[in-house]
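Same chain, two partners: chain A is paired with chain B first, then with chain C.
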Partner chain A sequence: MYVIGERINGMFKDVRKAIQECNTEIVQNLAKAQLEAGANALDVNVGPAAADATEAMVWLVQTIRQVTQAPLAIDTTKPEVMEAGLAEAGAGSIINSTTGQEEKLTVFMPMAQKHKAAIIALTIDEKGIPRDAAGRTEIALRIVASAFENGIEDMQRLFIDPVILPVNVAQTVPQQVMDALREVRLLSDPPPKTVLGLSNVSQGTALRSLINRTYLVMAIAAGLDGAILDPMDEELMNAGITAELLLDKQVYCDDYLKAYLSSVKSG
Partner chain B sequence: MVFEVPVEKWASAVNTVTLGATAAEGGTRASTVTVGGSTTLPFLHFEGEIPNRPVIAMEVLDMEPQSWPETLSAPFDGVLNDPAAWAKKCVEEYGAEMICLRLLSAHPDSLNTGPEEAAAAVKKVLGAVGVPLIIWGCGQADKDNEIMPRASEAAAGENCLLGSAEQDNYKTITAACLADGHKLITAAPIDINIQKQVNILVTEMGLDAGRIVMFQATGGLGYGMEYAYSIMERTRLAALGGDKMLSMPLLAVVGPEAWKAKEAKTLEADAPQWGAEKERGVLWEAMTATCFLHGGTDILVMWHPKAVEMVRTTIDGLMKK
Partner chain C sequence: MYVIGERINGMFKDVRKAIQECNTEIVQNLAKAQLEAGANALDVNVGPAAADATEAMVWLVQTIRQVTQAPLAIDTTKPEVMEAGLAEAGAGSIINSTTGQEEKLTVFMPMAQKHKAAIIALTIDEKGIPRDAAGRTEIALRIVASAFENGIEDMQRLFIDPVILPVNVAQTVPQQVMDALREVRLLSDPPPKTVLGLSNVSQGTALRSLINRTYLVMAIAAGLDGAILDPMDEELMNAGITAELLLDKQVYCDDYLKAYLSSVKSG
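Let's turn to the complex of A and B:
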């Protein structure tokens, strides 16, 4: 399970405050705590409140880089903010994200290639979010083709995100996304990786953590490779690690949870 | 049509472990041995790096072996009651890269010797040879907890490989290993799950995962060899897949297992259809060792010098790119 820690995001009050006050400690503690909890990479999003998004992104990346060299997922829709974040974060970063829209692909795919970055691509096109799995898979195919055209042939660098929506507004989507996860695996050999912005599934619900971890397990069973989630939700992490154990992706031992974390931290 | 060899891309590598310490490193060894580091399955040079060749440690007992067949004892004529002379012969005449000293005399069913004798044996062998040492207890847990701390202390700073830590008995030997600067063998008989658990237990005591070599029991050819082989293979696949608690190099104890087989030691007079026992026993050990090389073994513990020679030639061939 490739875990991208979601907590460094200006949508959260503590991070918004940290950005406004240039408080490095809050950001650095969040970076360290997420990695300690088993994150492979850290998402970095300045949120809607930053006065100058580029400046805020550069500050966030520099602040994180003082405590870790872990891969960073630069999370923005704005190309100039993305470019600045990638330049600061260095090789091995992740673009979060492009969509399947032509105008986005032509900007972000070459940018991924230029910075030797991985890229997350949402299955959204000019018509919006498809209503079913087939629509998602169709856009994913266009994304894979675009990656190849731009020289990204290593499918380890391409993450397809089939876009999960809140269960309280779109209750059939979780199943459609699982179908899409299965279909995306058939698009190329080796297939692109898959990822979800997991917390979206529970947006606005009362039992967020329970919904998140239940769906994480279901999505992993459908082939999900990674997720943007809160790694400090211990039960969520444990559920994901256990799902992979039950799928024979890790060798069992009594302390398999510890073994997983130790592999992530030393690897 | 051009055939393209399928090449697997692995995420990780086997740990690299160096054994033995020279004067510059605080020990007295004339040579050191480095194993592990592979980024692919055994000998697939086209797929990844295999920076270090498998090594052969010859085993020396701290007491005269009982009931060894003539074929096996003949090459060690006159030294089998003296571990230092035995070790020296292994290194100087038979080219052993390491010596595995087995403190068998401490076993309560054997001579029941104590920690002083164990420490003395270690010192004598260290003085007689310049290669790195594996120091292995008698296999009886309580007794090993008594003798191994002293044996370890007698070799402090020599960066030896101590055996062995097991799920139900790992604390004493791990502590000795930490105190005296050695490396550790973690053992779990034919059980990959317990092997992983033992590795977690000893690392939680503060022993770095890079100081561990794994021993998953060895079956002789015809006597369960394939069980050990498949466990090793699965372990290696887990290591290459990034499981840091299964990424340690592997050790196989071939000599004792191969020579347990009746096929290795039955005399020709008793089984004329099997041919001369002189060649048969050696081949049994060499074949067992060769199989384990393909399973991913990094350190082979062997007995007969002729088998050692054959396997060394095999390794030479397998390491050619």
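Let's turn to the complex of A and C:
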């Protein structure tokens, strides 16, 4: 399970405050704690409140780089903020994200190639988010084609995100996304990776952690490779690790949770 | 999720003691507690230690019947114990279990028909437990045919159990069982129900509850209809209920866990 830690995001109060006050300690502690908890990469999002988004992104990346060289997922819809973040974060970064819209693909795919970055692509196009799995898969196919056209032939660098929505308002979507996860695996050989912005499934619900971890397990069983999530939610991580154990992706031992975390931390 | 509570089983110390001492209170409390926790039916197994298995089964069923009319799954491999248990438990009972072996089917299928009972059938035949999903599905097909031959045409009365094994010794089996769960749904229209003896997946492991609930979620996503499990494991029940919510089998409300339990208890 490729875990992108979601906590360095200006949507969270502590991070917003840290950005406003240039408090490096809050950001660095969040970086270290997420890696300690099993994150493979760290999402970096300045949030909606930053006065100058580019400046805030550069500060965040520089602040994180003082404590870790882990891959960073630069999370913004703005090309100029993305460009600045990637330049600062260095090789092995992740663009988070493009969509399947032509105007986005023509900007972000060449940017991924220029910076030797991986790229997350949401299955959204000019008509919005498809209702069903087939619509998601169709957009994913266009995204794969665009990646190849732009020289991104290593499918380890392309993450398709089939866009999960909150279960309390879109109750048929979790099943459609699982079907899409299975279908995306058939698009190319080897197939692109898949990823989800997991916590969206529980947005606005009363039992967020339970819903997040239950859906993570279901999605992993449907072939999900990675997720943007809070690795400090220990029960969530344990559920994901156990799902992979049950799919024979990790050798059983009584201490398999610890063994997993050790293997992540040792790179 | 059709939950068959597993706790009234002579393999557990408290139940073994209750049988030996004819302590009705222990058994009746376990019956009530499991139903309170969301069980739809109760498994009844005298365990290996009972001096006279038929006598012990009749006593257990009579003891439970003093406090509930819930369906009972008479759990024994011995035809005479099964017959006595079914006679005592009354209509709506469940035979737990036959296998796909011809000599078992010819005994238990007619017995199910005679007692208007449902029947659980394990995908095991003369050659043992198949290694893969296809082998399980093949035996399931023979079981479905045998049910029809014996007049059991209502597939609500037939539960196929594709036999999960402990993950610590058989790590590829969880995936094979999920594939079998999907394939069994295609055997007939409507298909037979599916069920698992869930806790077998974690036998001998260090983190039993975590492994049980993680596999329950994965199996439900693969189409599992029911399970023999411990309903008093609250996290396990919450995981199963949440999996069904995410599959749109229950309408979302903030109190969906309580809503589920209320609907089970009101029948």
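Going forward, the second predicted complex is superposed on the first by the 267 of 267 C-alpha atoms of A that agree within 3 Å, B and C clash if a C-alpha of one lies under 4 Å from a C-alpha of the other, contacts with A are read in each partner's own complex, and residues count from 1 in each chain.
Methods note: a residue touches a chain if its C-beta (ideal position, glycine included) is under 8 Å from a C-beta of that chain, and two chains touch if they have at least 3 such contacts.
These numbers come from a predicted model, not from an experiment.
Look at chain A after the overlay: chain B and chain C fit there side by side.
In the superposition on chain A, no contact is made by A:Gln20 with either chain B or chain C. Of the two partner chains placed by superposition, chain B and chain C are both touched by A:Tyr252. After overlaying the two complexes on the shared chain, residue contacts for A:Ala221 are found with chain C alone; chain B is out of touch. In the superposed model, A:Thr77 makes contact with neither chain B nor chain C. Once chain A of one complex is fitted onto chain A of the other, the partner contacts of A:Ala243 are limited to chain C, with no touch recorded for chain B.
Applying the stated contact rule after C-alpha superposition, one finds that A:Gln66 touches neither chain B nor chain C.
Contact with chain B, but none with chain C, is seen for A:Ser266 once the two complexes are overlaid on the shared chain. Once the two complexes are laid on top of each other via chain A, the angle at chain A between chain B and chain C, using C-alpha centres, comes to 70°, given in steps of 10.
In the superposition on chain A, the chain among chain B and chain C reaching more residues of chain A is C.
Aligning both complexes on chain A leaves chain B and chain C separated at their closest CA atoms by 8 Å. Touched by chain B in one complex and by chain C in the other are residues 251-252, 254-255 of chain A. For chain C in complex with chain A, the touching residues are 167-168, 171-172, 174-175, 178, 201, 205-207, 210-211, 214-215, 217-218, 220-222, 238-239, 242-243, 245-248, 251-252, 254-255, 257. On the chain B side of its complex with chain A, the touching residues are 11-12, 192-197, 200-201, 203-204, 209, 234, 238, 242-246. Note for the complex: chain A touches chain B at residues 250-256, 258-259, 262-263, 266-267.
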